[in-house]
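Can you read through this structure? Questions will come right after.
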Amino acid sequence: MKRSTIHYGMVGGSLNSFIGKVHKNAINFEINAKLTAGCFSSNKSNNLETGNYYNLPTDRVYTDYKEMAEKESQRKDKIDFVCVVTPNSSHYEIVKEFLLHDINVVCEKPLCSEISQAEELKKIALERGLLFAITYTYSGYGMVKQAKQLIEEGNIGKVINVNAEYLQEWLIDSIGSDASKTAKLSGWRMDPDVVGISNCVGDIGTHIENTVSYMTGLKIKRVAAKLDYFNQPLDLNANMLVEFDNGASGVYSCSQVAVGYANGLTIRVFGTKGSIEWRQEQPNQLKVTLKGQPSAIYERGTGYITGRAAQLNRIPSGHPEGYYEAFANVYKTYLGAILKTINGEELTAEDLDFPQIEDGVEGVKFIFAVVESARNDSEWFVI
Amino acid sequence: MKRSTIHYGMVGGSLNSFIGKVHKNAINFEINAKLTAGCFSSNKSNNLETGNYYNLPTDRVYTDYKEMAEKESQRKDKIDFVCVVTPNSSHYEIVKEFLLHDINVVCEKPLCSEISQAEELKKIALERGLLFAITYTYSGYGMVKQAKQLIEEGNIGKVINVNAEYLQEWLIDSIGSDASKTAKLSGWRMDPDVVGISNCVGDIGTHIENTVSYMTGLKIKRVAAKLDYFNQPLDLNANMLVEFDNGASGVYSCSQVAVGYANGLTIRVFGTKGSIEWRQEQPNQLKVTLKGQPSAIYERGTGYITGRAAQLNRIPSGHPEGYYEAFANVYKTYLGAILKTINGEELTAEDLDFPQIEDGVEGVKFIFAVVESARNDSEWFVI
Amino acid sequence: MKRSTIHYGMVGGSLNSFIGKVHKNAINFEINAKLTAGCFSSNKSNNLETGNYYNLPTDRVYTDYKEMAEKESQRKDKIDFVCVVTPNSSHYEIVKEFLLHDINVVCEKPLCSEISQAEELKKIALERGLLFAITYTYSGYGMVKQAKQLIEEGNIGKVINVNAEYLQEWLIDSIGSDASKTAKLSGWRMDPDVVGISNCVGDIGTHIENTVSYMTGLKIKRVAAKLDYFNQPLDLNANMLVEFDNGASGVYSCSQVAVGYANGLTIRVFGTKGSIEWRQEQPNQLKVTLKGQPSAIYERGTGYITGRAAQLNRIPSGHPEGYYEAFANVYKTYLGAILKTINGEELTAEDLDFPQIEDGVEGVKFIFAVVESARNDSEWFVI
Amino acid sequence: MKRSTIHYGMVGGSLNSFIGKVHKNAINFEINAKLTAGCFSSNKSNNLETGNYYNLPTDRVYTDYKEMAEKESQRKDKIDFVCVVTPNSSHYEIVKEFLLHDINVVCEKPLCSEISQAEELKKIALERGLLFAITYTYSGYGMVKQAKQLIEEGNIGKVINVNAEYLQEWLIDSIGSDASKTAKLSGWRMDPDVVGISNCVGDIGTHIENTVSYMTGLKIKRVAAKLDYFNQPLDLNANMLVEFDNGASGVYSCSQVAVGYANGLTIRVFGTKGSIEWRQEQPNQLKVTLKGQPSAIYERGTGYITGRAAQLNRIPSGHPEGYYEAFANVYKTYLGAILKTINGEELTAEDLDFPQIEDGVEGVKFIFAVVESARNDSEWFVI
């Protein structure tokens, strides 16, 4: 008989962590996944409390992720995948451990801090045929998928320019602050020991890179970047020129000190026959302009929405879907692929329409390239 | 020891029903409620399949709601509340049954078809001290709560005019259609036997009524309405003048034949010192204009958002919350009140910040008044 | 030889009057009209000063409009038309005087205070074959003309509902004010002796009436209105139900106490196949939605703009045209008709695409109907 | 006695030229300037026809601009300034001629093609104390002036980043076109002999440079640019990194192949305490966000608008002012300065609030720097 329910574990995500609950709630949109094991926190009481909260049996609340990987891999009812939601610097070791125990992985972005580590994880995952998702959330939005499809089908012609930005304001008070105040404001995000060589580009610049790449199918050939640090240990503001493999140009901006912008990811793709514009803060709409015609405002959930965007539609048009639904779409697709694999079914390209390990590797390379270019006075850095 | 988990049942909501899943997903945002009993469909196999899908024990998948009320009320681990999501005409009988078995109720709107029935249900619920929620979703949005608070605190002065509309387009093809095509398009929504005297006003006009009432604290004194039927059995379009108990004027429009509008609920409240505007399709923003000042665009999740809107915030600003979160907010508050009651704690006014049986009664009266006025050539009808 | 230049006179419009300059600047967009006579103010020194400012010969700066009509009508180089920009109550006498001297007239709206007077003026103008324009400015916007054309051509099907509003905030402080303060705020606009039976409906409600009528070609059959006076001598806020001659419904709101709205005229026309939406404050765009398609944002000056909207285009798309251009469009068309008439050419329907005396009469009837309905507790008043 | 009327001449601007009429109409907003001389076209009959159209005496319709400069300079009633609206490449010679005859100049942008020429013109103008305006129109918008004032007063703190773009679509068909089709599409704009080293940056990129410089008071220190030619003789698309003299970063994009954008100039200035955003296509609004507060939408013509923006206000708020008014504001200020100078009055800084010769020089330098950087593979070019 076919399996219809999936069991998963979580590393990180104790009750006082934000992102753990986001993953949990996103998964909750689908009813066929059950949290059955976890190693939520290095703090023992937090760990237990979280396990208790999620009704886990105590023997599956692990104090150590290595023990978890080891023991789970030996169970008959072992977890089908693990969800890694710890701070960036620990991803590599944890992810590797689970992969080596043949457990599928969902990992928060960015994948890790070093290109070599990223490539190693990719190699392991591919060799062992494991399903690996990296939660670049924004590719999960239906209208991003609709944009991708419209571009793929040639509606806007050949892409010639991409203008993308991701602007936030939450770290504005770090300008002029001393180290301790900055640390208080930013948590571990400004700590090079945890996040590596970049804060802003690593945290949100990579979302631009991934979303544009997903939408357009283009790969970045080289970047010329200028980073602003405002006397802080890591970057808070970045502007960069981009050149894609098809010769198209681009300009990306990301900032955590852009007052007036809460989470302003905006992607504009210009082609020889039209353009497409998507704004994360109004995610249910998509502006599509074909040459010589009025701009058209596509609306999620309507009859002219097709393909993946239609498949992943949850509620009728005009009833706003938001960030959680995008997250849930990543999981829905991933869970579907897991189930098919468990049940010995063939996976199609569509089944794999979630950000994969390759996307994780590209993200790490992108961060490296941007920081290197900035270090060399904005000289082009070839990726 | 205090209870921390709630058990609930559902009447209606089989797998092929839309609204059942919406309730389920909305409840899923909170982790402390568990579906443990149901009577999902009069179709036996649908009923069983749904129970199975939700992992219910077969003895708690009931073929008859009366049996369910009876048996559940006798269990020690009985459901703490039942969620009634059947078509309108059946609400009265079902809700009454559970109330008479002292089971708390969450009911879809509108409450029922007749004012006398609504008053009866209210009487029973109040006499027995039961917690009753009616899912007027839109009052669950954080920014609607922020608007309510700003108005309550006097920021826009005395309310003098309300301009509200709820425009949809999904029934446009019913214009010029024969009965069978209309039925196919509209499901049971255009069937007087199921929905009573009104389609459009009953389905969405009541949302205007409830949301305005919640936001402003005003009660409607009388209405003068014009309904358009387009040769269909029930109304598809409605415009009405409104007079509130404080002397303020209002104008409400609702339509299911307004091409270009998916789910366009917009509320604008004008006062002597300012105005407030909220649009359901962009629910994370609120436009507030104080006399002599620039309009201010309030953004969910920011530091200046306070009170209930802040308490119910789930994710950081700029990460769109949508329809599900609004729904979940109604449940979150309701579940909190249930838990407190179970645990013998006192309920505060804040604990009851969800649409209650009184709102349900107001809704039924509103529908009746509007239809009566329209029947009398738009003569004012005093509520 | 054909005449190519037009001479005109002005009654009212002294230097400290706002509307005089608006007319002057609007006419200035065309180079073929020259102000050659005037009776600008009953204040002698204002009158002279204004004449001087406009470089008029002193013998054509008249102290009395009757003298002006008389003397001009006898000159060989007499004015081709007169522009009447005095307060409402004086329109009737002044306009009549010029018409009776066979001088074409452009008059500010509303035409006059009494229906009988309006009909009389219409009769005189038509009998004498004079060209009469009433400056309902908003029909001059290119995108309003584009909307009219799209509706005329059947793009949105049969009109079934119109939702229109004209919201301003400039008289908000009159709420709670005594008579003298109100007078100070509102100038003559709240003085029944000057404006007649209505302030708000007369001043801006008529703009709704005219613009909707122009756009849709529909005539109002009856209205049911509620006016709010806030203890002032005339109305400041109005909501009304409308029924058109084709059976369509409508709802109009106008207000001068709607904080947050400077000059918010918005017209939304819903048909069986689509809808059209135009906002005066963003006049270069038009939102057009056809059933089953994304909303299209039409942009002034683009290749798909056709007919009158294209003819009246002045500058390339994206370079905003505004209120003055709309005004100038009314004049441009009127001046064209004047010249053709002078030169003995036939006038086409297109030549007469400006608001005419009939529009003026409709406006006066509309004001009367609205005020009458409101006096009768919002009973329908048949126009 | 004081002069109150100004006489001016025009070089270029024959009837079939677009920009001539724009200048004429813009000047027409003020009543104290009169066109009295011209050399409108090298085509004799066009020249005469235009002179005739503008009612000029034939002896002041010159066939040669040198003759015009010479003869006008000798008249007692000579023109007070000349308006030069010929294609770019001819500006230098023409402007120089008039300056050397001590005639004030208004010149279309860009000033000329070579930095050395620009410096020379500046030197002559300054030495002779002539009033020189260059029509960078966008600094004429009231809300741009309001933005400038808010920034100057420190409301948004120290500027740390500028994100500006000017996107158009009108040359999209030049991609893939041969030379003759491109020439047909673009007129002389793509002809290096007429416009010099740049099309897109020269035509619209300089508007970004000037408007940002005006708004912020910042000077560009260096640029790193990438230009796209699409096999055409000159650039059609440009992206660039910018560094300002105060250390702030910036990113500028301009394009004539951005489908969906008619004339999309958008300036966003981010500071340590807030941000300001202005969009040319909706020029009557300004978005101002102060740290920790909701975004405020400033509206032209309201009571909180102050300083120059208030002085230059023409019509009440909500009645859209557009491109012409911005243009007219440049002229109004310039004409005021001319009159004061004629009448021997002292000029204040406010009197000189129009783009001057220095702005023209900056523009030429900017174009050169951008093109040079692009030629050197986007290496920073210090201005």
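Labels A, B, C and D are assigned to the chains in the order they are written; within every chain, residues are numbered from 1.
FYI, contacts are C-beta pairs under 8 Å (C-beta built on N, C-alpha and C of every residue); 3 or more make two chains touch, one makes a residue touch a chain.
If you're wondering where the values come from, they're calculated on a predicted model, not measured in any experiment.
J.: What chain is the most remote from chain B, judged by the mean position of CA atoms in each chain?
T.: Computed centres place D farthest from chain B.
J.: Give the chain pair, either A-C or A-D, that is connected by more C-beta contacts.
T.: Between the two chain pairs, A-D has more contacting C-beta pairs.
J.: Would you kindly tell me how far, in whole Å, the mean C-alpha position of chain D lies from that of chain C?
T.: 35
J.: Centre to centre, by mean C-alpha position, how many angstrom separate chain A and chain D?
T.: 44
J.: Based only on mean CA positions, could you tell me how far chain A sits from chain C in angstrom?
T.: The computed centroid separation for chain A versus chain C comes out at 56 Å.
J.: Would you pick out the residues of chain D that each touch at least 2 other chains?
T.: Expected reply: 261, 295, 299, 302.
J.: Could you please specify the touching residues of chain A with respect to chain B in the complex?
T.: Residues 18, 22, 24-25, 28-29, 31, 53-54, 168, 170, 261-264, 280-284, 299, 301-302, 314-325.
J.: Applying the document's contact rule, which stretches of chain C touch chain A when the two form their complex?
T.: Going by the criterion above, the answer is residues 288, 292-299, 302-304.
J.: Would you pull the chain A residues touching chain D in the complex into a rising list?
T.: 156, 160-161, 163, 165, 169, 172-173, 175-176, 224, 226, 228, 230, 237, 239-241, 243, 249-251, 253, 255, 257-261, 270-275, 277, 287, 289-291, 295, 377-380
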